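Report on one structure; see the data block that follows.
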Amino acid sequence: MIKKLKSHEAILVTLLIAEFLFFNATGRRFATIDNLFNIVRHSVEIGLLALVMTPIILTGGIDLSIGSTLGLCAILFGKLWRDAGLPPWAAAIGAILVGGACGLLNGALITQLRLPPLIVTLGTFSLFRGLAEAITRGVDAFTNFPESFLFLGSGQILGVPTQAWILLAVAILIWLIVHRTVLGRSFRAIGFSSEGARYAGLPVERRILFCYVLAGLVAGIASLTYTARLGTAKADAGYGYELLAITAVVLGGTSIFGGIGSVHGAMLGVAALAVLNNGLTRVPAVMNIASELSGVLTGALLLSALALGTLPKHLAAWRARRHISLH
Amino acid sequence: MKRHFRELSVLAALLLMLLVLALFTPNFYEPQPLLSRLTAAAPKLILACGAALIIISRQIDISIGSLFAVCGTCAGLLAAAKIPFAFAIAAAIGIGAIGGAINGALVAGLGLPSIVVTLATMVTLREALRLAQQGVFINLPEGAQWFGLAMKPGQSFICAVALAVLVVLAFATKHLAAGRFIYAVGSDAEAARLAGIRPRAITFAVFVLMGALAGLAAVLNMAQSPQVDPNSGRGLELEAIAAAVVGGVAVSGGRGKLWGVLIGLLLLVCIGPALTYAGVKPYWEKAIQGAIILLAVVADGLRSSARKGLFD
Amino acid sequence: MKRIASFISILVVALTFGCGKSPAPASVAGSNKKITVAFMPKSKGNGYFVSCKQGADQAAKDLGVELIYDGPTTPDPAKQNEIIENWITLGVDVIAVACENRDGISTALKKAQDKGIKVITYDADARPDARMFFVNQATPEGIGNTLMDEAGRLCNEEGEFAIITASLTAANMIAWQEKIELRRREKHPKMTMVALRPCDDLKDKAQAEATTLMSAYPNLKLIMAICSPAVPGAAEAVKQAGKFEKVKVIGLGLPSENKAYVMGGITQDVILWKTVDLGYLTIEAAAAVARGELQKGAKKFTSRKLGEITIEGDNLLLGKPFIFDKSNIDQYNF
Amino acid sequence: MAETLLQLESVTKHFGAVRALKGVSFELKAGEIHALLGENGAGKSTLIKVIAGAHSPNSGSIRISGQIVERLTPALAHRLGIACIYQQPALFPDLTVAENIGLRLENLGLFQRVKWNERRARAADLLNRIGADISPESEVRSLSMPEQQLVEIACAIGAGARIVIMDEPTASLTQKEQHLLFAVARDLRQSGVGVIYISHRLEEIFALADRVTVLRDGESVSSHPVGEIDEAHLIRLMVGREISQIYPESQSAPGDVVLSVRNLNCAAGGIKNISLDLRAGEVVGLAGLVGAGRTELARVLFGITPADSGEIHIAGNLVEIRSPQEAIAHGIAYVPEDRRRHGVILELPVAANITMASHRKLFANSWLNLDRERVAAQKFVTDLSIKTDGIDAPAGSLSGGNQQKVSLARWLETDPKILILDEPTQGVDVGAKAEIHKIIRHLAARGIAVLMISSDLPEALGMSDRIVVMRNGTIAAALPGKSAAPAVMSAALGARA
């Protein structure tokens, strides 16, 4: 099992390097430090969401509502700051807690009522987005944030974009949780066999609930970097980000059925998509159709990664069949 | 009575809503706008029936909206190129079936998870269409709208076709072996294999059917106006799945009735207009729809966990 | 151990290729170096911007500038910022953008200006300090007033009307709604707006919304569709409801998409501007700004194709919104 | 001479490293009940799946009514008149009984009509033919396990099969339902059907079968008419070693009471006022037929299904056990019966499986300490001599016996005061069985109180200091260690001793 994951990561690293070489050769001013920072700055939100989507998928679950949660948190951050008059850091903590509450709702419905995660988060996908639109009556937008907050989205620390440090910090935290703590070990056990995990004395419901609350909290953080980067908070923030996060995580070798997967794999998936999106806008031949082409290539990449993943299984089955008929 | 409890509870909700509308906003029932509203919902009913069969076979398909747009645009281009309209309709259904076959081959053939396969096909189809058509409307030739009939007969014809599809599929899933095989595969694929049913073939066939239905829905939608909007179909996949879930189709597979899906769809489709008639601000619509889906899902959870407790 | 090795290999690759800061665009005033103009629509899936691009392509060919055209496939403010920031590192000379989100885009445009890239906006404006000029096909006041005055005229100054917009969050729609409301209060008090419904830029949804509106408000006299797909959608609904004597349809839309309805007398008039000219003028202004021929504070700008363009403050006025109606609509093919 | 319906010639089948069938020859005549006897793990289930076409053999031949059948599939087996009643019913939980039977019996083309009233009539007829009062309209999901078993039997009969395979059908049937089943089997024999009856219970074989073939470790050992063989000889063939298999002697006298249970009730588990004491260093055998409620009791003690009422005292003080975590905290460990689903997680490495129950103990600050895990795992791999290629190998790559040792190691790592073992040597090769017995005796010597659930009578008798017999969810009798087998069996069966 672990062997299969390693080969997947190796493929992804070579893909990433191939992308680099190709875009550096054909793209205009691709491999400059500024552009590299652009790639990082533009993939922070998707990166954060992919990070917390990994433990959820490891337990065999899924979260379609994480993009809407980001939107709701962005709105409440704006409301707390502008209308409730809270200082930015207090409003930020409020937004993160709102995210945690959204995650708690998802987790509670999934664990206490044993409901399928896909359908629960499909319901909260419209509910959270609906609440964001209702609170702002659709039209209201929050802007003119103080410089101290905008620093989060456009400033630099030690020459590196601020939000890159946030992504790095959250990435390290989630990597340690998944790969170096008992929590991570229990996510895999639950993903492979939730009954087996329960008989081994693991608190299955509590661990699954933890994953969804963590996802909500980090979606709150992502709403802050999104709002800071954009300079404004509106009800359509983060629309469709959950599908991009799922694409990156699956591309990174994590199995949608649970158990197999890695946080660094997901990060490689995010990087591969980010470099693809950025690179295409710099290749003169395809510059004018960059956005559509990146959508088509992302879909194709995802399908080939999946099909490649099942190759060993099918080869083995084919060999076994051939073995029998030889007798 | 007990076995239809779930569908009847949704019917009760729908009747309650219609009653409230009748009392407070009677012109909801003005014949002409009501017929137009039902005609606009007809394509969604066909998509919801397809989505229901997919969910009953314990799979999911979120590429329905993109396939719907591709089929509609292709049919529009063919019709605009003076190809006989009947041929354009057949082409749309054929292209839909091919799209469904691609999903089916990947899910049933390679055993890939349907949520991720259809996520990939959704994105690929939508962006490829945008690449080709760039969002430019397609003007249909003269006789295309309402299939050449006058408007009122055209509208009733479209509603009739949608209801016919519902009746045929409901009959097939109740009385034909193929229909029952879908329930069997959704309920327990291994038991189906041991009973001599071929689960992978059934799953493949359901995806192909879903594609063809998407093509047919696109044609019925196209016939309602003289122009084809290539961006159409955005979000239809979630509406179709929501209608099936609210209509009592169990995501765990093997359970659900198509007439329940009809009621689920009517409930969700009525919310928008109901808010307009009641003069409620439009920004409440999405939150209310999300709440209804969650309520239906929680109701399912309470009911099956009560029963599952016995069995677990 | 193997995993850490793969991490390091990526970092190494990134650093070896990172050859220093991206050079500032070497646009010296008046030099005839080929200028690159980066031109962005609000979203690519929209017929309206396709016609703008026709004009832009024409202008690029006439002026011999290199045109880069990209934008998000659906209206997404974050994506617009990302593409602008990519253009900054690409080193374009001038950016011309239709802004989905006025404040959001200004953060990115200011960054471009700090890097010496000239910025102008068209169709929808950003904050004044984030760009040099705004090619104003028509100011929101201009659009709002024309729409409201037309509505008043058609309903002889009293009655109910409803608005169908794209999405509740679209910035320019919100601006137009405010101006329409102001104009109504000021000039057409007896007109009342009974409802505002979104259609997510989808023609079919607009059609369904219009049908419901006509039935929910029996004495509705006019539907104002302020996003391009909604105009034909509303017109089709009115035609199907057989109410084209009672309910008038006006809106902001492309002549080509509404020709049938205007000729059929269902849509009274479509207010728009010559989008092809808008595209053409935008590229002309962009090139002029890049070459230094157009400085801040200029009062006039001569366009090759459109002649004298007056500049009010920092707005290049394409002119008042143009009303396409039965009499003139078939002369235009965009 | 009755016609030979089925003939197997040296059939083998292996799954990766595990060789389930090493060469089985078997013959079935028409109008005969041919019993297939063997301990759990002897290969019975695999053999059935080969006959029913669910698995394709790696070598050897299958002859049905005379002709060799190359690629047997479930559909083909169905058409050739082979009907199989699996231990795990292969039914559709969401569909009605009538439809379940319909889908199994009919061979409808895709576009053929389903005749519902015909299905309902046939289902009703079959169900009352075997005396099961189940409504054809009820959903299978709402049926109890015994009821589902009867539906499976109804399917077999309905199929008019000429070869009917029954895989431990009486496992979860009540007394009344068992007699019903015997009547049905004899009924089938009368009508010329060949019945393969699988069980590991001797009394059923003598009551029902005409011929018996013994299966041991994937090989068909011998085949005799029932009249020519007695119980002791059968057990010797089945177990392959002398009945007086020497079990390690218990070296220590039992200490004071560690666990005392007073009238424990749990409706969900079917447990009725259980009172039981367990002393340190004592091995208590929990005997009884399958379905007597022994596993359900273990689940209540371990907190999987919370008790309704009753008291549990550990080392004298009253405790409340609502979850496995609490049970572990109180020093209770449970090695579950279903090894592959609950015992180990097949995809995770051996080391991860071994430390899985003692995260709190080994990794107090919740940081995984891979070295400490490796040391702990390696210690058990050597102590219990687990055959695995490294502690990073996935548990799924191990043989049944070694998987059981890993499961055992997991719970020993929590160093429990009370160890509940559920069929510890089920499906384990003879060598590993002896080693596990040694380990159990060693643990008792170290003062751990062991409650061992075992359907293997010789093992229960040989290993236990005391035997508690359960029947229908309550304790039927408590017998001293070295009692005679018939006494235990009669208590289990509830027969007049």
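Each chain carries a letter (A, B, C and D) given by its place in the written order, and its residues are counted from 1.
By definition in this document, contacts are C-beta pairs under 8 Å (C-beta built on N, C-alpha and C of every residue); 3 or more make two chains touch, one makes a residue touch a chain.
Just so it is clear, the structure is predicted and the values come from calculations on it, not from any experiment.
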*Out of curiosity, which chains are bumping into both subunit A and subunit D?*
B
*Taking contacts as defined above, which has more of them, A-B or B-D?*
A-B
*Measuring from the mean C-alpha position of subunit A to the mean C-alpha position of subunit B, what distance in angstrom results?*
29
*Centroid spacing, where centroids are CA-atom means, of subunit B and subunit D in whole angstrom*: 46
*asked:* So the centre of each chain is just the mean of its C-alpha atoms; given that, what is the distance between subunit B and subunit C in Å?
replied: 34
*Please compute the C-alpha centroid of subunit A, do the same for subunit C, then give the distance between them in whole Å.*
32
*Junction residues of subunit C - those touching two or more other chains*: 44, 73, 168, 198
*Where does subunit D touch two or more other chains at once, residue-wise?*
none
_Overlap residues in subunit B, where contacts from two or more other chains coincide_ = 127, 130, 282-283, 308
*Each pair of chains that touch: what are they?*
A-B, A-C, A-D, B-C, B-D
*Report the residues of subunit A in contact with subunit D in the complex, numbered from low to high.*
1-2, 180-186, 188-189, 192-193, 195-203, 259-260, 324, 327
*subunit D-touching residues of subunit B, taken from the complex the two chains share*: 3, 174-178, 180-181, 183-184, 186-188, 190-197, 250, 253-255, 307-311
*Residue numbers on subunit D that touch subunit B, as the complex places them*: 52, 54, 74-75, 78, 84, 86, 90-95, 99, 102-104, 106-114, 116, 137, 139, 141-142, 268
_If we count contacts the way the header does, which residues on subunit C are in touch with subunit A in the complex?_
2-3, 6-7, 9-10, 13-14, 17-22, 44, 68-73, 76-79, 81-83, 85-91, 101, 103-104, 106-107, 111, 167-169, 171, 174, 177, 198
*In the complex of these two chains, what residues of subunit A are touching subunit C?*
6, 9-10, 13, 16-17, 20, 24, 28-36, 38, 41-42, 45, 133, 136-139, 141, 143-144, 150, 153-154, 226, 229-232, 234-237, 239, 262, 264, 268, 271, 277-278, 281-282, 287-288, 290-292, 295
